[in-house]
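Common to both upcoming complexes is subunit A, partnered first by subunit B, then by subunit C.
Right, the complex of A and B next:
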């Protein structure tokens, strides 16, 4: 066949890929022609061609003849497919900020999508949508414009300049042209500055908006107590002129030391929001002691459930719990110690409402057992993260923090809560009775309810779409890192030998690199030793290894849930006979 | 404090749809037929709604479903799911298991300050015997963080037993969007045809 005829065939195949991605058709004909067609279509950011390439094992195998080129093509294909998958989700006005986070991870300088022309300027995404997703509903397109913080959406159409205070630099003008040259990360940083001076910009930060709403709800409770007539003039005068936080603290003290006739609901609202009183605070040494006591109590708590047994299997040498403040969360897995940190404020809030003090807790195994039950779902959740980290370490492979990790961890937690609710009356009582004052308890029950209701398949969608939209999926993270690593390896091919050798002896090692987030790794490629980059490239070119692990874990979970529900199918079933 | 309350009211006002001006009167929704390969089911689908399907996941779980998403959404998607749970599906033992798990929370409660599940009703849909479930719940959006942001959801579900497996036609929407979109759901449900 002549070169001209082959070129014509490749162009024709690429044209078909442009239209429909050729789910079945692409696997026909000469694999070399298909590979060339994929390269052509993917270079123009065609997501259908990217998806077809990822499904075409023959073409991908052929591409392996040039490992670097293959990794680069794979990275771009994964990035395009991931972008299309992301935008296929249900994005609307209410989830604009989640979409913003998801896009900020994906569209930035030197990311695979930007190399394909979908960024780094966010408006390039709009042109891509016109070309490859013209049939998206108007509401979704509007959500994308808001998510990329288009100038007209944020500042309106009446002006092309915004003046704002920028730290010590004083008043600065931001023009529409400046804005359009910024990546999403930079636009978000500007908006954060604006929020500090103008609360109308709070709508661009869900967490800060929700925190403000919480604060308003507690403020309303505070006003209700003060207007209830239940406080003496002396007590009211004590509160007068004090800051909001001080008033909550003082009121909590008054609830403990006098009989103030307001509803328990109001008291709980104030108690749960206020700072701990001195007797309720767990000092460092008592936190250490409590951690040790919880190791035994939580181990006992997890035994006897399938999810609990899986969680315990992550700690062959025994649980390793510490109690300490955790910023913004109820728990975290500490990879440096291999242990789980439980949030001391969450425990102290429970103690405040139950009337426990640090001293009473240290003397009462029953109170410790109660805390162990209360915090055990958080331990199960973090155990899944430990299993993930251990798996990666045992294989020496790079494991980025991705949505799939959250699906696995929240599924295990959901299974555990479901099991305990059915098998452990006291656990059920503790969680159900704590819901009204503790968002932690209500959330743990919510995760259990969602997992039980939706099953594994539906629950994964809930996690991706609602709970962890700000995290990259495995394919996004892989695409991002692969793109950066591959470009750097190409650069090193032409690097003077002495320079390369110095880098390989003094650069960042494998162990240092494995601890990095995808972002850090992508931005640090120039400082990493060459063999380490080759290793990371190899790891992320084979996502099947990761996917089979997630799939195995999911199979285990759904089998357990199905078996559990089979065992209780008749217990209190709300199903009437099929009569009509 | 007063300022904080004022700011929040201002934000709520700014977010109000009324600011967008009077909405044009909605045109009557157009429908087109949909038929899933393998003969699992067929139904009418609204043309302006987005149809989504993940075939690989369907095969993995042996749950064959489509999701229809409304063009206009609010705090959470307005979505209709039409699903066939094959007899050996990976998630539910049978239709009774599905009904039990979707008619109460994980503690077995049907009424709490954040959840309200109505009693399960017998129904007849397109000459099939079945069940109707409905609920109204307040869902957290960030369960592993300390943010308490939530969304109020309403759900209506038809569960239709079949000789092999069972069908589910489910409608989920934020509370304020439920009633305006219920007609679409009922049109889809009433056009549904599955295996006996």
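Right, the complex of A and C next:
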């Protein structure tokens, strides 16, 4: 065949890919031609071609002949397919800010999508949608425009300049032209500053909006208590002139030390929102003791449930719980100690509402057992992170912090909460009664309900959309890292030997690299030792290893959920640990 | 506001093998990681060990960057530059605005090897590294910068300066784009990591940032740094006077950590006309300081009258405090408590021992000028080199209980006792 004829065939195949992507029938003919067609179509950011390439084992195997090119193409294909999968989800006005987070980590400087022309300026996504997703409903397109913070959506069509104050730097201008050159995180930074002066911008930050709503609700409760006639003149005078937070705190102290005849609901609202009184604070020594007590109490709590048994299997030497403030979370897995840290503030909030003190907790096994029940879903959730970390260590591979880890961890937690809600009356009472005042309890119950209701597949979408929109998917992470690593390895091929040698001896080592987030890793490739880069490239070129594990975990979860629904989950039926 | 021009001096390029580049602020987007091929001056050969490596982490991704303070300080450093005995590196992230006050974001960060020039307006130091990882509120980023410096410019002694807004116990290095900042416990861990990478303690850790010289912050750094320099009150807009500090260091590179700490204090105080505090703390003295503090606190807690006096709101309100009212001068507090008629002999003896230890062993140098007229709030009335957390009514357990100082000292228990007293 002549070169011209081959070019024509490749172009034609690429054109087919452009229109509809290759399905089963298209994986015919010369794999080399298909590979060339994929390259052509993927270079124009065609998601259908990307998906077809990822399915075409023959073409991918052929691409392996040039590992650098193969890794680069794989990264681009994963990024495109991931973008299409993301946008195929249901997005409406209520989920706009989650979509914003998802897009902000995908469309940025030097990210694979930007290198394909879908960014870094967010409006480029709109052009891509016109070309590759013209049939999306109007509501979804509107959600995308709002998610990318299009100028007209944020500031209206009547102006092309916005003036705002930026700290000590004073007044600054934001012009429409300037805005259109900003990436999403920069636009979000501007909006955050605007929120401080104009609450109408709160709609762009779900967390701050929710916090503001909570504050308004608590303020209403405070006014209700003050107007109830239940406070003495002396008590009212004590509150007078104090800040909002001081009033809540003082009121909490009054609830504890006098009979104030207001509803328990009002008391709970105030007590949950205020700072801890001195007796309610868990100081270091008491937190140490509590951690030890919880090891026993939580073990008892987890035993007899499927997910709990699996969580316990992650700690062959016994649970390792510590209690400490965890900024911005209810718990965390501490890879350096192999233990779980439970947030002391979450525990103190529960204590405040229940009227427990640090001393009473230390003296009462019943109160400790109650805390163990309350916090046990968090332990199950973090045990999944331990299993993931242990698995990566045993395989000697890089474990990126990605949404799939969260889907696995929340699924295990959801399974646990579902089972406990069915079988453990006291657990149900504790979580249900706490839901109104505790965002922790509300979230844990919500995860359980969503997992049971939506099943594993639907739940995975929920996690991606609602709970971990700010994390990259495995595909996104792999695409970003692979692109950066591959480019860097290419650069090193022509690097002076002395420079390369200095880098390989003094650069970032494997252990340091394995601790990095995908983003940090991608942005640090210039300082990582060459053999480490090669290793990371190998790990992330073989996503099947990761996906097999996530799939096995998912199957296990589904099986357990079915058993639960059929009522055949026997107490103590331990789910075997994953060996994938 | 002045325009920032980043120009690589031809001389520097010739001497280092770098390719010169000249980019106006508006075009200050970084090259992609792959396209940066300039070797560091030390990368291609076995680098010679210098006396000092000075690392300055300049987070200008906020209003300070927009005000031009970051480039002013880099230009001050360039008045001296690096020498064969002292290498100065700056990690530099920025946002700003142009002449028409149009907001501009710089993407990514640059590592500058500070070289000498005569131009106080333009930054001419070569960029030895650039990255798209632009989060200047990330402790991990700070650690990577330090590791880079240690790898490329080995030296016998190490100084690390963090330049940005400081908020005492609330943290340091606030990045307006990532919306991250470095919490105090993270700062401690980051410095320990740098210390491990260096194979020894950081000789001097300094904060060119407001309100960071607190007992709690210094204690968090006790295992990582030998000398901690910081200010109880806000730092002036001009910040540290880098030119005279580096000039004296370059003239006498054999100076040890304590001398450099004292030098920074002296030069900073000399550069201000009022409203300035700065001190240098010897971290090796911190364990004994905590014992002396615990001793004093135990004496108070064992004496109900003394505890009532020490907790009295009128007394604590009279203690010199800084722009964050919960941050109070420790020595002034000891003085006020000991002066109370309700403080017993044991309290006074323990208080005197503590006061003497602070001035005689803990503080290497402390400087303070009278407070100027404040924009808001009361000016400090005394600044003896070390502040401590004393809340007004509510104890912030979510933040304070994360600190090693709370775990290792009795101060947190004492504060809880004090807050109990306030509720009576």
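A few points about this structure:
What we mean here is this: the second predicted complex is superposed on the first by the 562 of 580 C-alpha atoms of A that agree within 3 Å, B and C clash if a C-alpha of one lies under 4 Å from a C-alpha of the other, contacts with A are read in each partner's own complex, and residues count from 1 in each chain.
Please note the rule applied: a contact is a pair of C-beta atoms (placed from the backbone, for glycine too) under 8 Å apart; a residue touches a chain by one contact, two chains touch by 3 or more.
A quick note: this is a predicted structure, and the numbers were derived from the prediction, not measured.
For the composite obtained by overlaying on subunit A, subunit B and subunit C can both be accommodated side by side without a clash. Subunit B and subunit C, viewed from the C-alpha centre of subunit A in the overlaid structures, lie at an angle of 150 degrees when rounded to the nearest 10. Of the two partner chains placed by the overlay, neither subunit B nor subunit C lies in contact with A:401. Of the two partner chains placed around the shared chain by superposition, neither subunit B nor subunit C is touched by A:286.
Within the superposed three-chain model, A:216 lies in touch with subunit B and out of touch with subunit C [touch as defined at top].
With chain A fitted onto itself, subunit B and subunit C come no nearer than 14 Å, counting C-alpha atoms only. In the superposition on chain A, the residues of subunit A contacted by subunit B and by subunit C do not overlap at all. Across the complex, subunit A meets subunit B through its residues 88, 90, 92-95, 136-140, 199-200, 202-203, 206-207, 209-216, 219, 223, 244, 328-330, 381, 406, 410, 417-418, 421, 428, 431-432, 435-436, 439, 442-450, 452-453, 455-458, 465-467, 551, 555, 558-559, 561-562, 565-566, 569, 572-576, 578-580.
Interface residues of subunit B, counted against subunit A in their complex, comprise 1, 4-5, 7-8, 10-11, 14-15, 48-50, 52, 57, 60-61, 63, 69-77, 79, 90-93, 96-97, 99-110, 112-115, 119-124, 129-131, 139-149, 151, 161, 174. Subunit C contributes residues 29, 32-34, 36-37, 39, 43-45, 62-64, 66-67, 97, 100-105, 107-108, 129, 131-133, 140, 144, 147-148, 151, 176-179, 183, 393-399, 401-402, 406-407, 412-413, 416-417, 419-420, 423 to its touches with subunit A in the complex. Residue ranges on subunit A touching subunit C, taken from their complex, read 109-110, 166-169, 171-175, 178, 182-183, 185-186, 189-190, 192-193, 245-246, 249-250, 253, 275-279, 281-284, 287, 324-325, 327, 344-345, 348, 484, 487-488, 490-491, 495-496, 498-499, 502-503, 506-508, 516, 519-520, 523-527.
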